[in-house]
Amino acid sequence: MSKSTTYTGFWQESPRPGILGWLLTTDHKRIGIMYLCCIIATFIVGACLGLAIRLELIAPGRTIMDAQTYNATFTLHGILMIFMFLIPSIPAAFGNLLLPIHIGARDVSFPKLNLLSWYCYMIGALLAVLAIFSGGGTPDTGWTFYVPFSTQTTTNVSMAAFAAFMLGFSSILTGINFVTTVHRLRCKGMTWGRMPLFVWTLYATAWIQVLATPMIGITLVLIILERVFGAGLFDAARGGDPVLYQHLFWIYSHPAVYIMILPGMGVISEVIPTFARKPLFGYWAMALSSLAIAFAGSLVWAHHMYASGMSDFAILVFSFLTFIVAIPSAIKVFNWVSTLYKGSIELAPPMLFALAFIFNFAIGGLGGLALGAAASDIHLHDTTFVVGHFHYVMFGGGGFALFAAMHYWLPKFTGRMYNHKTAMIAWGLLFVGFNITYMAMQAVGIMGMPRRYNDYVPEFTTLNMVSTVGSWVMAIGLIIMFVNLWQGLRRGRPIGMNPWGAATLEWTIPSPPPLENFGVEDPVVTKGPYEFKGVVADEY
Amino acid sequence: MSIEHRDDTGDRFGMWLFLYTEVILFSGLFILYAVSLSKFPEQFSEASHKLNIYFGTINTLVLLTSSLTIALALSALQMGRKKQCLILCWTTIGLAIVFLINKYFEWSAEIGHGIYPGSEQLAEMGPGVAAFFNLYYFTAGLHGLHVFIGATLIAVVAVMTAKDKVTSERFTLLENSALYWHLVDLVWIFVFPLYYLIL
Amino acid sequence: MSEHNHEPVPYRTFILIWCALLVLTVITIAVSRVHLGALNIWVALGVASIKSSLVIFVFMHLRQESKLFKIGLTTMLVILAIFIGLTFTDVLYR
Amino acid sequence: MNLPTNPTAQAVDSVLIYIFGFSLLLLLGITVVTLYFIIKYRRSKYPEPTSEAHGSFWLEAVWTLLPTLIVLTMFWYGWTNYLGLRNVPEGAMEVKATARMWSWQFEYPDGRKANKLYVPVGQPIKVDLVSTDVLHSFFAPAFRIKRDAVPGMQSHVWFEATEPGSYDIFCAEFCGTGHAAMITTIEALPPEEYAAWLQPAEPTGEPRGLIVINEQGCTGCHSLDGSEGIAPSLFQLAGQLRKVIVAGQSKQLTIDEDYLRRAIRDPELEMVDGFDPMMPAYDADTISDADLQAVIDYLLGKIEPSQTLKLDGKQLIENYGCLGCHSQDGSELVGPSFKGIGEREVRIDRDGANELIKVDRDYLIRAIKQPSADIVEGYPPIMPEGDYLSDEEVEAMVEHLLKQ
């Protein structure tokens, strides 16, 4: 494959020239890239908000902002990070980039719908930004929009809610697209048993997106209507029920956390076999556990409500179901680890991020168990332990998976390789800083510091300071990582088709892939996604 | 030169997936309904007496019939009877308009009685009644919106049919908008008894 | 690859179904006039379900569709049932 | 780190330790094995994998079943101990906790109000939670208990302090600007100190009548300060006119000794108009004639009413949690400080218009009763309405504020 370094694949080939070629494209790769850019931008903004939060919490009393600003900050941070960063991150960015290639298709089932979903995302993002500067001020409800506060506060909640609504719509469209694509466009020989696990997880995720997201849609609409008409839907005096709102919210938002992690698990299931040069252990267990997580994940939402005044019977049921979800995740972890057994392991940057994922996700997930048990959750609920938990799973899990994916696949799509040494340094700082930050946060949570507190009693000072310092280490790591990727992907050494020696379809086509991915005739698959026999990594 | 692969089944399946999301969307309101009903059964039946059952019934008939016409329209097109198909499409739209006009009168009557979300009177009628009418307005409102969207879709498709963009060979667009319209009908099939008929 | 676009359904079928729907509508209204207490709501829902399955299977051509469509629909309904059912584990036992 | 010994904390801690213990083992196991594999099977040593294993049914079965068993024990342990947190032991003392933006108020069975939760050591306490505005959450880390206070909904927590001391109470459910400031404490006192606290402020010089009134818990229904309750107030009765119902028809009478005596010994006779006949009759062995006389003298003001009759503005301001948002030392909190509020000039937005006014009695009264009327410039319009305050209480508070 002697591609001269001037070859640029889908970056150049396009029915329309210039910027329109991007804004009006229906090419899944271009849409994926556009998503990726927005998501990174969101992450950087949200992350800096996170830094600001930590800075305020470095010591008791007022450090850099007053209470109201603080509330606005973590609300914004939460909304950005969940609705605009993590939920679309891997599915919308890398899913779009890879899903069709992985199943040997030329594009998704509904390319135009795909573009529309990106525009919905942009509209949502725009509204979110507007919500900051317009109306009664930046929303201060937390990303959970709990009533009655969210219907009473004077800040601009309606617009934020509508923004989230649009983002949800975009996510639904992606979901519809992926489910249909997987069912209809698998190429010749691409049996269900030969799909890469990344596709399996995206498929499971897509079902959640389709079946759960509308629930948040209606919930947010109800908040807006409530603020407009003051009808009292959730007001006990007028026949409403504040706790019922929480049900509606979590019916979506718990499954949503699996939207955030499942694709990440898919990425890890691609990276680990490649760098162990060994078939993924227990393919079907992994595939089915993805579906199991997707299904069981939609049965457990009320574990966020143990202290809300919900009935004890419900607590019994939901606590039980919550522990059931943990099992498929356990299966996955064990299979990843045993894939390493007797492999030939290379610690390339993507692999490092993948291993970090397993460690972080294990900590976060096991923390989830303490939250799932009724008695212990009563103490831990709404403390910074919960905050630690979800940063471990969302950032240490979802986030690290995204970074793994970036280091693993972006060279494919730019045709250039970043500097490995720098990447490893960045990884080290990030990993260490991350664990300092959130370990301390969990510890202070166990001591009883409530979350969403801009000020706290002196006992909590030391650990908060540690946590803040940790966030700086993490920041440095992240900056190095981003800069390194950016430079490498623009000026790095050109690579051939298959730098890692991986066995899935995307590595059998030029990098960057051409428009429509495959040559004139469609590919025909004859072997599983992890059969490395005879696959050689080409030098770069 | 975008990829010209045609997959009608795929397109239909996509539409069905979208319909699932619509069902879940409405189900949110139905959950609220179910919970409030189990809390205030008497007040609910009391409240539903305040609704005008004739409006409800007429609208039910209208929607059922429109469902029939759009279904027929599809068969007509498949059998290549373009003219009939167009007539049936426009009938469907006509019925949709009838439905909305009906709603308009019904609502203005109730609002005339000071019954609307957030009104003082409603608040005084007791929590159950208030909950009932809030939900009634929001559900019916959302449904009305869907009627509007569905009608628009069908109109567009009708025009395309007239221009032979949609033909007896390529009718997925008509089929999908018909599917959407049937969903609108389905939702009403549940709204009607739940809001107008509980005693 | 438009392997199967199913046969056009004859007008008769549709019209028959339509009549059935009208009859069922009359029935619900009639039943709602007799007091059965809590049962009323269940009867109403029952009839509504029958009506909707008629619409889904005939008007919406689910009959002719492949298994995939049917599985999809079932999945959605199961999830829906779960959402409602589990919510009631709280509401009913408070 | 020594763990608390109170029952609720122990119930929670044992579960926490159980789960964290298991988690630590699992985490260590997984990490060690992973590291071992990474080092042992590194590419430089094994250029090609030495196994092509695709999986193993038995292994899958094992690591499906083992986790299942483990988590089920966790679930069950967590659930049973949770029940311990819900089932209030017999003979628990009931305290009503009212949460409002952004303060707690605790109301004792005898109607006594406080903004700290004073409890005797060694007695189970049942705290009934109510909220007047949005969601709040009663969180006492030392006792590992937490429960949301939901407007329009009843809920409760219980705890028992086993050692005297002062324990934090946080508001754990986000409730707006003052969320982090919605903090108070549980003051667990040894029984005798608690008993002392129960006694009205200064036992000395306390008129006998008042003591009797407090002992009998009359104040549970009758206010001493004129604020209307479920029963007529006992504020300045002497010579007042009363409309009473005697055998069906109503009649006027002026309050005097005999009337009061009848009203206490045999209330059914003449019920004050507009009140339900719920007052119990107090016979001679519940209230001796001497005591009765003392009460009557007290009520008719025969002896000069002691301090406790006059409301203490300072106390009220603390109890109603004003200090959650307003400082007394001039430092800036959510709301304007009370320091020197008496002789201050403030810029206010009154329905749109913005004007400068001198703080005076009327202004303060308005500011407490309907704060939204005029907002002091530069502060968010978030002060809750004071409509739950009686005029006397407001008066007293304003008095105090002007003196600041």
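We call the chains A, B, C and D, going by the order they appear; numbering starts again at 1 in every chain.
Going forward, a contact is a pair of C-beta atoms (placed from the backbone, for glycine too) under 8 Å apart; a residue touches a chain by one contact, two chains touch by 3 or more.
A quick note: this is a predicted structure, and the numbers were derived from the prediction, not measured.
For subunit C, the chain with the farthest CA centroid is D. Remark: among chain pairs A-D and A-C, A-D carries the greater number of C-beta contacts.
Core chain by CA centroid proximity to the global CA centroid: A.
Chain centres here are Cα averages; for subunit A and subunit D they lie 41 Å apart.
Spacing of subunit A relative to subunit C, judged by their CA centroids, is 37 angstrom. The distance from the centre of subunit B to the centre of subunit C, with each centre set as the mean of the Cα atoms, comes to 15 Å. If each chain is reduced to the centroid of its CA atoms, subunit C and subunit D end up 51 Å from each other.
Multi-chain contact residues, meaning those touching two or more other chains, occur in subunit A at positions 183, 211, 215, 236-237, 241, 243-244, 247, 309, 312. Among the residues of subunit B, those in touch with two or more other chains are 5, 7, 9, 13, 17, 20, 24, 27, 31, 35, 39.
Along subunit C, residues 68, 76, 79, 83, 87, 91-92 each make contact with two or more other chains.
Contacts from subunit C toward subunit B in the complex involve residues 1-5, 7-11, 14-15, 17-18, 21-22, 25, 28-29, 32-33, 35, 38, 40-41, 44-45, 47-48, 51-52, 55-56, 58-61, 65-66, 68-69, 72-73, 76, 79-80, 83-84, 87-88, 91-92.
Across the interface of their complex, subunit C is touched by residues 5-9, 12-13, 16-17, 20, 23-24, 27, 30-31, 34-35, 37-39, 41, 53, 57, 60-61, 64-65, 67-68, 71-72, 74-75, 78-79, 171, 175, 178-179, 182, 185-186, 189-190, 192-194, 197-199 of subunit B.
The residues of subunit A lying in touch with subunit D in their complex are 67-68, 71, 140-142, 146, 148-149, 152-154, 235-237, 242-243, 276-279, 281-285, 306-309, 312, 315-316, 319-320, 322-324, 326-327, 330-331, 333-335, 337-338, 340-347, 355, 358-359, 362-363, 366-367, 369-370, 372-379, 381-383, 446-448, 450-457, 532.
Touching subunit B in their complex are the following residues of subunit A: 15, 26-27, 106-107, 109-111, 113, 172, 175-177, 179-180, 183-185, 210-215, 217-219, 221-222, 225, 229-233, 236-241, 244, 247-248, 516.
Within the complex, the subunit B residues that touch subunit A are 1-3, 5, 7, 9-11, 13-14, 17-18, 20-22, 24-29, 31-32, 35-36, 39-40, 43, 116-118, 123, 126-132, 134-135, 137-138, 142.
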